[in-house]
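Have a look at the structure that comes next, please.
In order of appearance the chains are A, B, C, D, E and F, and numbering begins at 1 in each one.
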């Protein structure tokens, strides 16, 4: 074992000669970093990386964009949003398209900035497009708390927040090993992932630097060869087993589980979170009485399959032809973290 | 000029009558004065000897004032640098202003004064101008279009199609400063960093390089879209591959920090005072040595090479030693940076 | 949008912290982290410091490899 | 180009990446194609022989489409005519666009197509361009800046300071049509009249005059401020008086009618296809004869003379035979006419 | 702003008239004038026909001079 | 008399050799036309033309502009106005200055167009700047009637309307002969002017063409030589003795007399008109509760004296130097019909 000890993570990966293994990057940032680092090129053929549903922009359904466009154009509301959502196609148009028609769309760095904008612009109605997993939801909740403290009546959230556990359940079997999203685990802790091993689901929590990613993959491959379901936290400097108690408490205090539609996966019961009744003044759907909108995705788009690892972006007929980052057909092509966008940006040859 | 205090540009300044003349006399002619400047419909000039390079650009940057410059300085640098990219010595420049009603006269003078200074530094004469005033809300502050004419220096033949495998790729300084500065100046993101625009007139820099060697293939200013976009452009135009050594691309730590926060790639942030130069490797060290002596290119570096592999693509050597494509340039959601 | 950034805490106020990444500074919420002190490293996401980082660097992974192999 | 239907200009078209290239290819290069047009930072051109005339103008007319033309046609005419005023044959033109996010692509093509047609008619090559996209509400539709370079024809020496007592004053057609058209097109005044802009490229017209005689003193296009402003300008620049025979100034009856309703003076309404020419009386009839054969100057007329009396002033002979000053040009409240 | 304009009535609707001055047409109020008919000449001020004009021209003044002298 | 009969009006004027006579052009349009036609040059030295107070823009006091600016900037009202008012200086700024600060100022051809604009823009509050004498007041009343018919609650008038009779009284003695404003008489008729002869005030009603103006002046000179107070209607094709009954009735029905401030003349009792109580919903002062604003004119400005014929524009120290049409100090320099503007435009040498 003396010699083996010194093998670097990269060597382990490059020299893996075990059984065929499918590893799913749940998180879009992982997908992107893996491409950026050229890691796919290191993999022996029997190791397949699949991109999963872990980009909040990608899993947000068309109808959510339609709701935001409706608010912007019909209710003259100022939309504050993370930049990635602006070009996601809705049924009729994206938010960028609405902006061309005069809608006020502001890109912000954080929900707190949206709340601050509302505070400073009492004459405007401000809605923040609240998307994200367990990592982001606390930031959005904090902005609502602040809005209450500031006694704002012009700030609310249009929510499409989601939680991962139900998705893991839905994706069970799509992959042999999950590369868990480090920042989600930073909030939730690792208990659920450990529990999943009992159901036969293996995984490692990965960080985002080159070394962290290589290590996590190496660990995954070594453990996979051992043949038993496993879980390893390869991101211990950020992820603690218990996660962030404060964030968990905050989310629990302010939100409750609800059914939520995932692009490609459909409605997953109890996979979403929304504000509890006592916070409903900050719920844009209630506040503006948004009509139920049935978004229609472009039928050519296979985002759904891509998000479930059922196909590669390049298997989609319109990939790189009709669908490009300049003219995205589906959400996976818009977000930097989307699998289609990563495949496109880094070339098909990887 | 304290008499400008509290004065603003009015619709009458754009009506072509007496107040237009007053504005021209007090602001424009006062700062742009030179023997070639005309008050007539057109300037009468001695044309350049040999071939003439002509370039035009509109400048609509918001905010118009930013750390390291303003729209006036930028409007001179942008066009001077486009001429310099063709190996052309800038001779003449025209400028057309569109100004929003109510724009403070003092700010206008600050802009015009920056133009004067930058034009003088670049050795270019402003020969003709135009002023239009648009109603409040019909233009955002001030827009400037400059057009430059230059004399292409003998013996130099550069162009986007002329990159050759074996060329070294040089960048004249750290990248992304201008784009980063504008992002921060808009204050939408609440980020503070000590970053100033790299905006600078580079003719003297290019001239120094041309005096070092005539063996140059490509010179291009990395403006909208940044160095990354330029590299992809050249790779396409010259049908060559480009290997980029990411670790050697100079990036200011603050720019890196801001990019980290916002998830941006510095290679795709605009520069307004950076050239990408491609020349045979044998010349590269000499060029860099020359550049490091020039005021705006102390951090010049060789960042890669032109290869015959992977034509049209830009390949990076990553921090773990692998090769990966630099993501292709896309339609970024960036503010008005130029 | 899921970008996370490790940054150094340079200032603490009530519920907020100013963090620094390579000279880029921004105020973020510190409400999810108790006992933050200047000099600490934190992971920042969407304007909120979501986790204290034991180590600025990813050296911990070395240890992990050690243990693993 | 039916594929443009319902398409609009987006922020990404201005980001300098792939979509900017698409826009350039599909709209600009498609219409402007000529051997001198560059895709590079700057066009490389053969400079004019002899002296070179250079002129720039920004165009922000609202509405961008009006009876008799659009902002594209106007942007070519304006600069071509400024060159022609110097006796210069227009050779090269650059154009810089600032476009509002959401601007219909079909409209843009219509504008560009008008530019193509007008440039062809004037015999000028569009050599370089630029496109910026500003956010919704940060620019009103589309602004265009053109810069023209021309070759000053040998043996002709015209300029605003060269008017001489004894010169006849010629106007090349009826006055005020452009300004009147824009006023009506804005629909603020509820007036309808069958008036179209006189907007036209006049190089060929000026060339014909120069072929008739080289004995010309002043040629000036009567744009912002109209013929009245031009006359006062020349009177000032040449330090001469001008006697205007009001009855012989051609004005379309509809223009007269509109001016009557709004209390405006046709002499102060903008033209975009009219020149004021001053030349020795002996040449005047010949010049008018030539002009009347040209397509845009069938109504050319002698409208007055240069006198040594009353330097700097324009004196009218009124309908009752008295002499009165033409009111001096002021800061009129007119809409964006160019 | 006190500009008055004599113009020919070319069309009559309820309470309004379209007047023509040298080909420039505009709708004006006809509420102050009864029995207006196409072909009549009117004095228009601020969008209102304020007086019917007996004579399109100012020939009446000739008569006035005759009488006076 | 055979020969004399053929003398043209012009000859009469040029050859006048009677006593010194001061003729006041009450109407600004007359002032302008007299300059345009170079008529002053025809006059023998003993005939002096004085410019009177007959330009509605010129007599409008500074405080009225201040009220309009207040409405535009503080109440966010859309101001519709005749073009001449836009550059008249207020105490702090003109309407053009307010527009630079974002105020919405629209130039219209008629009050009816302002009303129509209000109808088509129900989301905006529209105020028309109602100035003018008897000629213009009916047009403004009609717009209010229409607004009532259209059930508009977003249209009103800011009124500074004035009537001439009180001004004639105030100016008695300023001149030997008044050139009465033809279009005012077209509405009011000629009775008042005829009555004034009994008080010793002479005058002629003048039209606006060259022939009409020359004739009116000739008639005035011939009659003046006869030595008795006189009145002649030299504009019979437009002015009937009874005036416009319809216009008189309309004005009577909708408005009542009120005190009114004239620039230079001060407050003249009962010289203004304002809407009657039943129309007060259309009175901007009441509607917006405009605070009483004491406008401050530039102390250098002698508009007041100019308007009373007490001095010529060129007697004002700032005329043509500080005060030009480009930078008007007083209202008389702004309006095309103002005496200062006419003196400036047509040169001092006339």
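In the analysis below, a residue touches a chain if its C-beta (ideal position, glycine included) is under 8 Å from a C-beta of that chain, and two chains touch if they have at least 3 such contacts.
Protein names from UniProt, one per chain: A, F = Hydrogenase expression/formation protein HypD-like protein; B, D = Hydrogenase isoenzymes formation protein HypE; C, E = Hydrogenase assembly chaperone HypC/HupF.
Bear in mind the structure is a predicted one, so any value in this text is a computation, not a measurement.
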Chains contacting each of chain C and chain F, listed by label: B
Count of contact steps on the shortest path from chain C to chain E: 3
Chain pair that, of all pairs, has the most C-beta pairs in contact: B-D
Farthest-lying chain, centroid of Cα atoms versus that of chain E: C
Computed distance of Cα centres, chain F from chain B, in Å: 57
Euclidean distance of C-alpha centroids - chain D vs chain F, Å: 38
Where chain E and chain F are represented by their mean Cα positions, the distance between them in whole Å: 21
For chain A, residues that touch 2 or more chains besides their own: 83, 109-110, 113, 326
Of all residues in chain C, the ones touching two or more other chains: 1, 3, 26, 47
Residues of chain D touching at least two other chains: 10-12, 17-19, 135, 137, 189-191, 261-263, 328, 330-331, 333
Listing of all chain pairs that touch each other, if any do: A-B, A-C, A-D, B-C, B-D, B-F, D-E, D-F, E-F
Residues of chain F that touch chain B when the two form their complex: 96, 99-102, 324, 326
Of all residues in chain E, those that touch chain F in their complex: 1-4, 26, 28-29, 31-34, 43, 45-48, 50-51, 53-55, 58, 60-61, 64-66, 68-69
Chain B-facing residues of chain A, complex: 10, 35-39, 41-42, 83, 86-87, 106-110, 113, 210, 214, 325-326, 336, 344-347, 349-350
Complex contacts: residues of chain A adjacent to chain C: 1, 4-5, 7-9, 27-29, 54-57, 82-85, 109-113, 131-133, 135-136, 138-140, 142, 181-183, 186-187, 207-209, 211-212, 215, 218-219, 222, 232, 234, 236-240, 244, 246-247, 250, 335, 337
Residue ranges of chain C in contact with chain B within the complex: 1, 3, 5, 20-27, 44, 47
